[in-house]
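Look at the two complexes coming up: subunit A is in both, with subunit B in one and subunit C in the other.
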Partner chain A sequence: MTKIFIDGREVEADPKQPLVHALHKEGEDVPTYCYHPGLSPVGSCRICQVEVKQGDMPARVVVACRTPVSEGMQVFANSPKAHEVRRECLEFLLKNHPLDCPICDKAGECDLQDFSFNEGQSFSRTVEPRRKLDKRKSLGDVILLDEERCILCSRCVRFMEEVPKTPQLTVSGLAARSTISTFMDRPLTGNYQGNLADVCPVGALTLKSFRFQARVWNLKPTASTCGECSRGCSVIHEVLRSDELKRTRPRENQQVNGWWMCDTGRFAIDKHELEGRLTGAHLHGNHGLKATKTEEALELASNMLALHGPPVIVASPWLTQEEGTLLVELAQSLGTKAHFFSPAANGLADDLLHTGDPAPNRRGLTELGLEPIESEALLESLMEAKSALLVGERIIDLIGEDQLQTLPAALRLIICDLKSVSAPALNACFGIHSCVERRGTWINVDGQRGRISMCRPAPAGTLELENLLRSLTSGTRAPASA
Partner chain B sequence: MSQHETYLLDRCDLENSHTLEVYSEHSAKNRAADCQSGYPTLERILRTKQDVKAVVEEIKDSGLRGRGGAGFPSGLKMSFMPDPSKDPRPRFLAVNADESEPGTCKDRVLLREDPHGLLEGILIACYAMSAGTAYIYVRGEYRLEYQRVKDALAEARAAGLVGKNILGSGFDCEVWMHQGAGAYICGEETGLMESLEGKRGHPRPKPPFPAGSGLWGNPTTVNNVETLFNLPFILDRGATWYRGMGTDKSPGNILVGISGHVAKPGVYEVPLGIPARTIIEDIAGGVWKNRKMLAWFPGGSSTGLLPANTIDTAMDHDSIKAAGSMLGTGAMIVLDETTSIVHISRVLARFYDHESCGQCSQCREGTQWLHQILSRMDDGRGRLEDIELLSSLASGMAPGKTICALADAAAIPTHALIKNFRTALEAAASQVDGAKAAAVPSTVTEPAKSVEASA
Partner chain C sequence: MVIVKRKQLSLFERLYLPEIFRGLGVTMRAIFRRKITRQYPEEPLVTNAVTRGQPRLVVNEDDTIRCVSCGLCEIACPAYAITIDGQETERFIEREPERFDIDMLRCILCGFCEEACPKDAILMSNELELADTSRQALIYDIEKLKRPVSSLQDRLDYVYKLNNRWQNSSSTS
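Up next is the complex of A and B:
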C-alpha cells in the first residue's frame, strides 16, 4: 500500500489503482463520468480534476482517474482551485445538455444532475442554441439512445469492447457533432446490453422496458441474488408502490459478478408477475381442485406420504439451503432420499457470467446431500411410485405440465409451487412464496453464498415453504405414533 | 533581401530535384571520395560504423529544436527512447507529414521537391534510435506530395537504401507510407499514432509518453518532416556549423511559410532570430496594395495574434514567447488594415470547432462555444459581456486541462486576441444591429435571480 495525503489526512492507497479509487474509498465526493472502476480509464471527461503536489514541485491540476498514486503524494480534492476547475468543466458539459431532467428516466440517479447540484452554478452563461439531435434513437431491442443528453464519456463504447468483448458501439463524428452509434445503425446484439443503461452516467442510454415506468426515487431497492442461472449474480430488485417489481440491476460483488449482470437475469422480472398465482392449500375432489384449510390439507398430505411410501421427493433447484435442510429431514423421516430436479443446460452459457445452468442452487442442494435427477429418470420413478412430493417454485414448468398429466391417477401427487396443474395424479397442492418474496441462501457454482431477500410482500394467502415442510415432517411422524 | 547562408531549400530549385539522381549529386558536402550510394551522409555513418550515441550527441550539440510547433530539443527527444539492449521491443519512428495547421505549408515544399532529403533524414534518425521501422504519415490532401515521396521511396528501395541490410552494413530499416484522411487532430502525435494503428485519431493521455509506449505499445518517436530534413545537414557539416546560424537557444535555419496580405507570399528559408520585419518587408515584399499592417500570426493559427507594432520581434522560440505568442511552425499570416479582427477570429474558431476530436469536454464544447460567440459578434449580435465570457471560457479550456494541445491551440490565442485587440472586439460588440440583438437574451449572471432560472 502507498501512503498519500488527502486534504492533509494520511491514508493508505492501492498502488495498482488510479488516484480516484483512493479518493472514492476515502469518501471524497469527486465526480466521475468517463471513469468507471470496471472499465479502462481514458481521462477524457476531465471532471475528476484535483490538485496534486509531489515533492517540491508546485501543486498542479490533474485528472484523478489517470493519475497513479505515489508515496507521500499530497492531494487537494477540496481546494478552491479543485472546485473551480471542476465547475468550469461542468459548465462545458452542460453547454449542450438539454436539461430535460423533468422527463428524464435517469433523473434522481444521474451523475450529471448530482454533481451539478454539488459543484455547478445555478445559472447558465450560454445564450447559444443547444445541439439538436435524435432524442429517440433505437439501438436494438433493449436500449434507446437520446443523443442530446449524451456527454460522450464513451463508457458504453468501452463496456462493449472490454466486458462482453463484442465491440459494437463507437463514437462517430468529430467535435460537438460526435454521437454514439453502431456500425451502419445495426441493432445491438448480445446478452449484456442492459448494462449500458447502468454504465451511462446520464440519461442517454435507457432501458426501453423501463422508460417512463417510474421515478427512481419512488422505487424501493432490496439487495438480493439473481436466480436465472447458477452464477447467482448479486442484484438489486426495485419495487414501486409496495409490490410492482419494476427493475432489476446488478449490485457490485467482486467475488461473483463484478458490476454486471446479463439480460436474461435483468429481464426475469417478467417471471415474477403476480397474476395467476396459486394461494393457499387445495385438495383434489370430485369437481377438481378445491380450496381447503391448510392444516387439513397438510394432515392429508402427510398421511398420504407416510402410508403410501416411500414417496418420491423432488425439489426445485430454486430451493434455498434452509428449505433444502428441512426437505432432507422430511425425507429421512419418510425413510427415503430427497432429490432435486436437474434441468438441462439452456445454451445461454458465455465466457462472462451466464453459466448456462438454469439451476441457481445446484451446488448448495448437492452439498446438502440432495441427488440431482433428470427429467427422464424422474418420470420413470414417478410412474412406479405410489406417492410423490414435488417442492419448490417452477417445479411444474421444469418437469412440464404435459408430462405431469400423463402420470397415472393411482399416484398420490403433492405439489408445492407458485401455480397449479390439472393432472389426474394431483391430490394436493400448496401455493408458496417466490424467490423475490422470501429470505434464504443459495450457493453459486463457485461456492459463493448469495442471500435472497423479500423484495415485495408475498401475495395474500400464499404459504411459507419452510413452515409447510416442518408441518409435513411432524405430520408424517404423528401417524406412526397414532 | 537579407543575406544569409541557406541549405534547406537549396536543392528545390534544381530541375528534377525530387529524383535520387539529382539528390545524390547535390546532397552532402563532406562525402567519401568513393561514395557509391545516393545518400552520402548515411553511407558515411554506416561505413564508419559511427556510434549510435555519437549521432545522438551530434544532434544534441547542434541544438536543433523540433519544427512541428512545440520547439522541443530534438536530440533530447531521441535520447528518451529506451536502451535497446535492455528493451527488446520493436522500435518505431513516425514521421509527421500531416501538416494541417492553417497557414502552415512548409513541409509541403520539402515533400514535393526534396523527398530524398527527408528519406535520408528518416534513415539517420532510425539509425540513431535503433528503430527498424518508420512510418510517414502524409496529410490526405497532399496527393502530389504523397506520390513524390512514394516514388522516392521506391527509388531508394531499388537502390538498396531502404529495407534489409542497407548498403551492406547490417542495418535494417523499413519505411512505410500512410495517407491521412484529412483530420487536423491526426497531426497531434498521439492522435497520429492512433490513426496509424487504424483507429480513430483520438489523442492518448500522456503519460505514457510515446518513447515508452507508442505505436502498438512500443517505443516510438514522432518527428516533424522539417526536423528530420535537418539531420543529414547536421551530420554532414557538424553541430558547430549548425550553431553558426540562428540564435544560441534556437540555432539553424527555419522555413517560414508567409501568407496573408503580403506582396510575395511563399515559403522562405531564414535563420532563426531574424526580425519579423525583415521577413515581412524585405523577403515577402511588404504588405500588399500599399496598405498598412494591422496584425500578424507568428506561427500559424494556433499562435496568438500580435499587433503590427511587434514586428521587430526576432523570429525565434524565446523572443516570440516573450512577445506573448509562439513561434509554432513559423507560418506567418499577415493581416492588413482592412481586416476585421472579429471575422478572422471567427473563421479560425470555426476551424477548431470543426476539428476538435470531441473527447475532452472542455475542448468539444468550448471550441463550439467560442465559435458561436465570435460568429454572433461578427454578425452584429454581440454583447459587451461576451468579451469577458470569451476570456473566461478560454481560461476554462487551457492550459493543460485537456488530453492534447488542441484546446490550448484554440483557447490561448483567444487571450492574446482580447489582450491585443480589445478595442476592436468592443467596437464589434457595441456595433449592435438592433433587430438582431433583441433576439439575444442577456445572460443571467446574478445568482439571486438565477434561483428560478432553468440552468
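Up next is the complex of A and C:
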C-alpha cells in the first residue's frame, strides 16, 4: 500500500489502481465519465481533474483516472483550482449536450446531470445552435443510441472490447461530428448488450425495452439475485407502483459478477408476469379445478401422500435452501427421497458469466441431499408411482405440460407452482410465490450464497411454500403419532 | 362546571322596545350601504391570471399536447394526485403522456405542478368549480384536462412574469 495525502489527510492507496480509485474510496466526490472501475482508463473526458503536488515540484492539475499513486503524493481534490478546471471541462461537455432531461430516460441517475446540478452554472454562454445529430439510432434489438446526448467518453467502446471481448463499437467521424457507431452499421450482437446502457454515464445508450417505461426516481430498488442461470448474478430489481417489475440491473459483486450481467437475466422480467397466476389451493373434482380452503386441501394432500406412498417428490431448481431443507424433512417423514429436476443445458453458456445451466440453486440443493433427476427418468418413475408431489416455480414448464397430461389418471399428483395445468392425474394444486416475491438463499455454481428478496408483494391469495411444506410434514406425521 | 352569571339588565334595556328600534336602525343603515355579498351560482366568480384554480394541460395550436411526461409534477405533487405513464411519439419531443390522471379530490390546488413543469405544459387554470356524483368521475383523465393554449394565455404570461422576476433577482444576488 502506498501512503498519499488527500486534502491533507494521510490515507493508504492501492498502488495498482489509479488515483481516482483512492479518491472514491475516501469518499471524495470526484466526478468520472470515461473512467469505470471495470474498464481500462483512458482519460478522455478530463472531468476527474485534481491538483497534485509531489515533492518540491509546484502543484499541477492532472486527470485522476490516468495518474498512478506514488509515495507521499499530495492530492487536492477540492482546491479552488481543481473545482475551476472541472467546471470549465463541464462547460465544454455541456456545450453540445441537448437540454433533453425532461425526456431523457437517464434523468435522475445521470452522472452529467448530477455534476452539473452540483457544480455547473444554470445558464449557457453560447448562443450558437447545438449540433444536430440522429436522436433515434438503433443499434440492434436491445440498444438505442441518441447521438446528440453522447459525450464520447468511449466507455461503451471499451466495454465491448474488454468485457465480452467482441469489439463492435467505435467512435467514427471527426471532432464535433464524432459519433458512436457499429462497424458497417451492423446491429450489435451478443448476450451482454444490456450493460452498455448501464456503463453509459449519460442517456445516449438506452435500453429499448425500458424506453419511456418509468422515471427512475419512481422505481423502488431491491437487491436480489438473478435466477436465470446457476451463476446467480447479484442484481437490483426495480419496481414501479409497488408491483410492476420494470427493470433488472446488475449490482456490483466482485465474487460473482463484477459489474455486469447477461441479457438473458436482464430481460427475464417478462417471466415474472402477474397475469394467469394461480392463487390459493385448488382440488380437482368432477368439474375440473375447484378453489378450496387451504387447510382442507393440505389435509387431503398429506393424506394422499401418506397413504399412497412412497410418493415421488420432485422440486424445481428454483427452490431456496430454506425450502429445500423443509422438503428434505417432508421426504424423510414419508420415507422417500427428495429429488430436484435437473434441466438440460440451454446452450447459452459463455466464458464470461452465463453458465448455460438454467438451474439457479443446483449446487445448494445438491448440498442439501436432493438428488438431480432428468426428464426421462422422472417421467418413468411418475408412470410407476402412486402419488407424486411436484414443488416449486416453473416445475410445470420444466417437465412440460404435454408430458404431465400423459400421466395415468391413477397417479395422485399434487403440484405447487405459479400456474396450474389440466392433467387427468392432477389432484390438488397450490399457487405459490415466485422468486421475486419471497426471501431465501441460493448457492451458485461456485458456492457463493446469493440472497433473493421480496421485490414486490405477492398476488393476493398466493401461499408461502415454506408454510405449505411445514403443514404437509406435520399432516403426514399426524397419523403416525396418533 | 361553569356558573354563568346573567347580566343584570338596566331599566332602559328592560323596556325592550328601544333596543328593538336600535337594532332595526342597524339594518336600515346597512340597506343603503354598498352590497358586498355575491349571488354565487347565478353570478360567476371573478377570476384573473393570479387565480390558482384546477390544474389543466396545455394543448398547442397544432393540437399536440405540450406535456412530455417527464414526471416532475408527479414527484412535486404533495398530495400524490398525479399519475403519469409515458409513451413514444413520432414528434420531435419523442415522448408524450399515454395516461395523465389527476385525482381532483386529492388535488389541493397548491400549484407545485405548474412550478415544477419545465415545458409550461401544466397550468393552474381559472376553473374553480368541482362537483360530481361519484369519486371515479373526479379522477380527471388526459381528455378532461386538455385545454387550448389560447384559454390559458393569461396565466402563461403571468407565470413567465413570475419566472423572470425570480431569474433577475437571483442573478443580481
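Quick note on the criterion: the second predicted complex is superposed on the first by the 481 of 482 C-alpha atoms of A that agree within 3 Å, B and C clash if a C-alpha of one lies under 4 Å from a C-alpha of the other, contacts with A are read in each partner's own complex, and residues count from 1 in each chain.
Here is the rule we use: a contact is a pair of C-beta atoms (placed from the backbone, for glycine too) under 8 Å apart; a residue touches a chain by one contact, two chains touch by 3 or more.
Note that the coordinates shown come from a computational prediction; the quantities given were computed from them, not determined experimentally.
Of the two partner chains, subunit C is the only one touched by A:215; subunit B is not. In the superposed model, A:135 makes contact with subunit C only, not with subunit B. Ranked by how many residues of subunit A each touches, subunit B and subunit C are led by B. In the superposition on chain A, contact of A:178 is made with subunit B only, not with subunit C.
In the superposed model, A:299 makes contact with neither subunit B nor subunit C.
Once the two complexes are overlaid on the shared chain, A:109 sits clear of subunit B and of subunit C alike. Judged by the document's definition of touching, no subunit A residue lies at the interface with subunit B and also at the interface with subunit C.
Residue ranges of subunit A in contact with subunit B, taken from their complex: 42-47, 49, 60-61, 63, 66, 85, 88-89, 91-96, 99, 121-128, 151-152, 154, 170-171, 173-178. Those residues of subunit B whose C-beta lies close enough to touch subunit A in the complex are 183, 185, 200, 205, 353-362, 364-369, 372-373, 376, 389, 392, 395-397, 400-403, 440-447, 449-451, 453-455. The part of subunit A that touches subunit C in the complex is made up of residues 101-103, 107, 135-136, 211-213, 215, 217-218.
Residue ranges on subunit C touching subunit A, taken from their complex, read 68-72, 74-75, 86-88, 93-95, 118-119.
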